[in-house]
Amino acid sequence: MTNANGKLTEEKVFKDPVHRYIHVRDRLIWDLIATREFQRLRRIRQLGTTYLVFHGAEHSRFNHSLGVYEIVRRIIDDSFKDREHWDNEERLLCLCAALLHDLGHGPFSHSFEKVFHLDHEDFTQAIILGDTEVNSVLKRMGATFPKKVAEVIAKTYKNKLVVSLISSQIDADRMDYLQRDAYYTGVSYGHFDMERILRVMRPQEDQVVIKSSGMHAVEDYIMSRYQMYWQVYFHPVTRSSEVILSKILHRAKKLHQEYYSFKIHPIHFYSLFEEEVNVEEYVKLDESIVLYYFQVWQEEDDPILSDLCRRFINRNLFQYVEFSPNNEQMMKLMELTQLFKKAGIDPEYYLVVDSSSDLPYDFYRPGEEEERLPIHLQMPSGELRELSRQSDIVDAISGKRRTDHKLYFPQDFIEDLSTKRNIKKKIQELLEL
Amino acid sequence: MTNANGKLTEEKVFKDPVHRYIHVRDRLIWDLIATREFQRLRRIRQLGTTYLVFHGAEHSRFNHSLGVYEIVRRIIDDSFKDREHWDNEERLLCLCAALLHDLGHGPFSHSFEKVFHLDHEDFTQAIILGDTEVNSVLKRMGATFPKKVAEVIAKTYKNKLVVSLISSQIDADRMDYLQRDAYYTGVSYGHFDMERILRVMRPQEDQVVIKSSGMHAVEDYIMSRYQMYWQVYFHPVTRSSEVILSKILHRAKKLHQEYYSFKIHPIHFYSLFEEEVNVEEYVKLDESIVLYYFQVWQEEDDPILSDLCRRFINRNLFQYVEFSPNNEQMMKLMELTQLFKKAGIDPEYYLVVDSSSDLPYDFYRPGEEEERLPIHLQMPSGELRELSRQSDIVDAISGKRRTDHKLYFPQDFIEDLSTKRNIKKKIQELLEL
Amino acid sequence: MTNANGKLTEEKVFKDPVHRYIHVRDRLIWDLIATREFQRLRRIRQLGTTYLVFHGAEHSRFNHSLGVYEIVRRIIDDSFKDREHWDNEERLLCLCAALLHDLGHGPFSHSFEKVFHLDHEDFTQAIILGDTEVNSVLKRMGATFPKKVAEVIAKTYKNKLVVSLISSQIDADRMDYLQRDAYYTGVSYGHFDMERILRVMRPQEDQVVIKSSGMHAVEDYIMSRYQMYWQVYFHPVTRSSEVILSKILHRAKKLHQEYYSFKIHPIHFYSLFEEEVNVEEYVKLDESIVLYYFQVWQEEDDPILSDLCRRFINRNLFQYVEFSPNNEQMMKLMELTQLFKKAGIDPEYYLVVDSSSDLPYDFYRPGEEEERLPIHLQMPSGELRELSRQSDIVDAISGKRRTDHKLYFPQDFIEDLSTKRNIKKKIQELLEL
Amino acid sequence: MTNANGKLTEEKVFKDPVHRYIHVRDRLIWDLIATREFQRLRRIRQLGTTYLVFHGAEHSRFNHSLGVYEIVRRIIDDSFKDREHWDNEERLLCLCAALLHDLGHGPFSHSFEKVFHLDHEDFTQAIILGDTEVNSVLKRMGATFPKKVAEVIAKTYKNKLVVSLISSQIDADRMDYLQRDAYYTGVSYGHFDMERILRVMRPQEDQVVIKSSGMHAVEDYIMSRYQMYWQVYFHPVTRSSEVILSKILHRAKKLHQEYYSFKIHPIHFYSLFEEEVNVEEYVKLDESIVLYYFQVWQEEDDPILSDLCRRFINRNLFQYVEFSPNNEQMMKLMELTQLFKKAGIDPEYYLVVDSSSDLPYDFYRPGEEEERLPIHLQMPSGELRELSRQSDIVDAISGKRRTDHKLYFPQDFIEDLSTKRNIKKKIQELLEL
């Protein structure tokens, strides 16, 4: 342990159910894992509220972050070892960026970011560059090292090969989460031959390309991704819990703005409500804090806040029907909105359209928003060819955005409308219950 | 859905990574799962603080309870189906007892029970029999049904065959947790051929016995249990986190007793501190509540409470050395206690002996404390033979209690004793650092 | 064991790596497995020469046949149990047809059938209906029972629901072989959630349909099939071994027709050479018989036969280049044919185009050759909808035949053309070596 | 491909279901695998007749040999890489010995060796040192290299560290076969954490020792071995097929000695019958040759030979009862022998005692037959301690030989003794049928 930035005297391992073992040989990585900002990821679930549908999915971002680190380590230490000169700093840069890429995620990020206008990527940058334990460990590698790590994660780092390991359409992040989320949910999708993909990755000047003989393993990976999105990530019941979660945050924020007097002061939420969160406050947030408030809010006097919190905590979710945003259905929605109001059920919180949308793979469309780098195959001749030009299956789904809309509502409230028979009947007809 | 206690119109399934699917056909089971007392188990981890060592072990008691239910369901619906007359009430009794057997577990039960003198089994009884959603669902089967369920879990129910399915040395509880904890931690122990064990189970008058041809599968199960105890459950680093957790609770209780003024009133802890917890308060407790307080206590003025909470939250644990409770080592411990006091490190919180002990399998020892029913093999002749009389391997470990003692302390504090060189040196010598 | 067609006194199980256990409760099934015609399937590999590329793929058709039986048993005994009245004969009919569907496969069927103009389906019929142990066991169920089993396998049986369990685009046959071949080769394709598919199968009047909520599991199955075809079944090196195998059979047949005097009389091949094989002779054939002759033929005087046999036995296969049957390449092939002749390498045996072709899924095209029944989804409304109309992914590959051509040749022979430098050089140029 | 003994231009891989991929980087290894002597191992099953009980166990010694090679490669290339200087020749020596250690195995070795007094270890030596393709590839490394490889396999090589990698109580051979045989049979035993064991292996002067922190993984491995022996390798039904196999060989040999005229000359067996097999003849033998003869012998005139062959081919095995070689049972056996003779059933072939015996682990017993090197743990102090002194479980089974005897006989013959009622009845009584 002589050199703070050198090798550990003995390799450390973490037992990991997905990659068997996570291997750590660098003191820098070991010390980053021990920081409070990284340990905080243990208290933030990888898949938000998905555990309310797939009960196995209780794993944290800590899990996933170690997994991404391990995949990048294998690529660098095994697959690239004879091929390319990586100086040690560049190597550690990759490993740190892999480990820290999700550092800025907050509790239930998806809903929090939308309601409070946060961006976890900004916080990742802020934690790496701010007055934090992570920053202080990274600085041991040199004053500019934290900035470089932040640039790799922000995809602005000059060496695009390094960037592409962490962020591309076939990066370590995606390869870890597909396998990990499949493992914890127990679904049979999400399996692909990662070992083969790692073996056919070839570093090029500005990107990692795939030897064409490995095309089928990549096809399998893309199909896994497609299935995981629609079977797990966009599961309509998970989206019901996300809808309720968002509405809780909306309601609490509104009550705060209206000077409502909470029984227990939600001190951890004040800066969120004001949309003026600093790093120090942000890293104190995690899902146990949020769940604490949701639990005490069950007993608040505001009937909407307490009802929504009880629904979330006790998993009494909204039902849903299919919804298409066409004229006819929009008219129906307006009618339902009116009926809900008449029935005394506030449609702002209890009649919600949620839309999910995914682009499973895309070729390069320069200039477009959310521009994505395509996957390139290296043909036997050495020529590079974009994946969807070579693979029928990928071509079939390439560039095709799939969107799904659902209308969420509390069926129990509607059933309880016993004194308003007519309204109840009309609502039930419109919702085809 | 005509009959509240009948069959569901369509079987419901939960995707489970260990048993593939959990199948629910009975409305009673479906409704029990939806109660707030059962949903609360989602917020209590199956393995307490083990996730600080095996990062995958973040699964909840909700997971495990469904698993135990599913195993009992398979035994009854598949293995026993042609063999024994189970009337429907007896069948549902088994299923309910399996599902609810851990209902009374609180947050980090192990430490909470010791410090606050609680017993999760008492609370399981109290929740089943009290004014709860669970009780109200169970009562649909008849006024005495909750009591019967409680008796099965308490092992006092008259039909001992039913009891032995839930609680024996080879019960559904153990079969689920060994496999589940192995799955989530990722260790390779914990595998055994459950399908075979289920196939060789034979209901007898007052117990489930094992057809002798399945002996090797049972041996394998007992070895799995042995390995899981020593490799996972009693891992010395997990025990370090349990030591810190206990000391936090001790400290907070003591401060409360000394009228210490907490910055945020720990209202959820008051009845614990007073050791007068009722069911209503108890079911509001979960691990997010506890972690909330541990986080805010990081900023309390009491240096011991804030230090211990910071250690727990940021996983800055105690180190340990081997310890044997013999005269020589007890003398050493006393000497260390004095040195710690001189160094200003309170030994009550920072110098802790922890002992773990397990009896992997035991034959029947009537009258002894913790009397356990042995596993019986049914020989081809029909004769019953106690397992350890037939299996060399089981005989080798049968009745042999293994105990391990460790001495825990904060190495960083000792290293920081820069102004007290002599004390530091003596402590380091005694701890062989 | 009172009734020869009744239940076994105790259920028998086979340990199976794919389905964990194969369960047999019917004496009829147990006795069919014990027949010499069924035991013969142990000596015929499931994947022919694939083991020369995927060394794990040494499993037999015996394995697979038990697996298909087990899947059908689960569908009938579990998934259909509450839904449909199956009288016991209909049930046994399904089980027997599942178990026996591949009974007529001979050694290395693919090549043998092409060279000797055999059809394994004809032999399956002949064995079931002929003077065999299988026939005699089946007849215990009634004189017409063998005929019914044969009809189910031939897809002419009147109850189309029974037929569709055994032969459709999502039948028990395919579900077993995809999983089994993936298991033994070790490839990561071939996984899909069969348990889910079994759960969403619904018997209709004349077919098994799939509840639409299970569509994604079926998509996954179809993608597995697609990948297995191109990654395993049509692997170009496996096809090289099949090319050599066919050429051995061609050569031996030709030698026989030319009254060549074999050192050891190939008595087992005579009726094949004459294309007049009867059932009794056929069931004596298996892969050990064939490999015996290939081994002794290594020492035959005919240089082509002995060379080809040595190549096959010692896995010294042909190399290949891509080939497209367009004008330019056909001209090249003719030129190569001439050059091979000049070089003294008989192009009939040593310059071979092999084409593989697959239609991964097809909707219904009445009247077309190889007409296939489509997979129907049962929508929530009850309406049936053909799979490719509902699934983007399946639509993308539906009805699209993919074909691959390769040109095979012995590279070592070409390299050895040292005295014919010019010819060697031209051949190498044309083959782009 | 410049240097015949150097590295391949591109690493080659074999897909392997147990180790995922087998990696070959050395031309020498690649060329050894291509030899006819090594390819022959594809036609010899790893577990002899076990496939007649566990139908999945159809895998060959080719499979296993690649697996042992891969484990040794990982130990050398990964686990030892930073620890010890291995010059390239020593490294290749290990790899070649691992790959070739079973090269001399013949068809159904167990029975063939006993009946014809062969020793597969002698043939391994003879093939490596004789006029073979393997020898010629090995000689490229130097004239003495084949001899060194042979010495490593014979455990006489001077560097005992190299020997211990290939042959010890925790060697690559055992680690591969336990996992592989478990995979193909499908049993749940045979799992242990090999990756952990590889990580805790430490090369010492003359042996590989195990870091004490890995003790539990080694315990698990030893328990796996114990279970595999008794659940799979010594399965009483497998032993029934081995009994029949041995008796076929005995009978054929005896008939040959008595100048019996076989319908088809068993030319491949002549040198076996005479017990004068040379290497050239030996490497022509494989299981397809043997099965060919067994099939044609079904139609021999000798009733014993044809009956036994029909039993073997059609899996019509002998039944068995427990047997203890004590006075009482020996008397019974003699009585049965007489009764069999009277009944016209030759007891030499049809009344057979088979004994299986295993010593699961042993500490060092110098001078004893079958002397075994113990497993040593390296304690934190550096001290070496023999495994059974540290592990309770291993101690419990250490040095304890377990033996099982069974008496085999053809139950169908006894049932058919209709004209000899008295004899039949007495036999049935003695066998407790």
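Think of it as A, B, C and D in the order they're written, each chain with its own count starting at 1.
The working rule: a contact is a pair of C-beta atoms (placed from the backbone, for glycine too) under 8 Å apart; a residue touches a chain by one contact, two chains touch by 3 or more.
For reference, the UniProt names are A, B, C, D = HD domain-containing protein.
Model, not experiment: these values are computed from the prediction.
Among the remaining chains, those touching chain A and also chain C are B, D. For chain pairs C-D and B-C, the one joined by more C-beta pairs in contact is C-D. On a Cα centroid basis, the chain most remote from chain A in this structure is D.
Between the CA-based centres of chain B and chain D the separation comes to 44 Å, rounded to the whole angstrom. Rounded to a whole number, the gap between the C-alpha centres of chain B and chain C is 51 angstrom.
Each chain gets a centre from the mean of its Cα atoms; for chain C and chain D, those two points are 32 Å apart. In chain B, the residues that touch at least two other chains are 20, 187, 196. Listed in rising order, the residues of chain D touching chain A in the complex are 13, 20-21, 195-196, 199.
Against chain D, the residues of chain B that register as touching in their complex are 187-189, 191-193, 196, 216-217, 219-220, 223, 226-227, 230-231, 392-393, 395-397, 400, 402.
Within the complex formed with chain A, the residues of chain B that make contact are 14-18, 20, 34-36, 39, 42-43, 51-52, 54-56, 58-60, 62-63, 66, 183-187, 284, 286-292, 295, 313-316.
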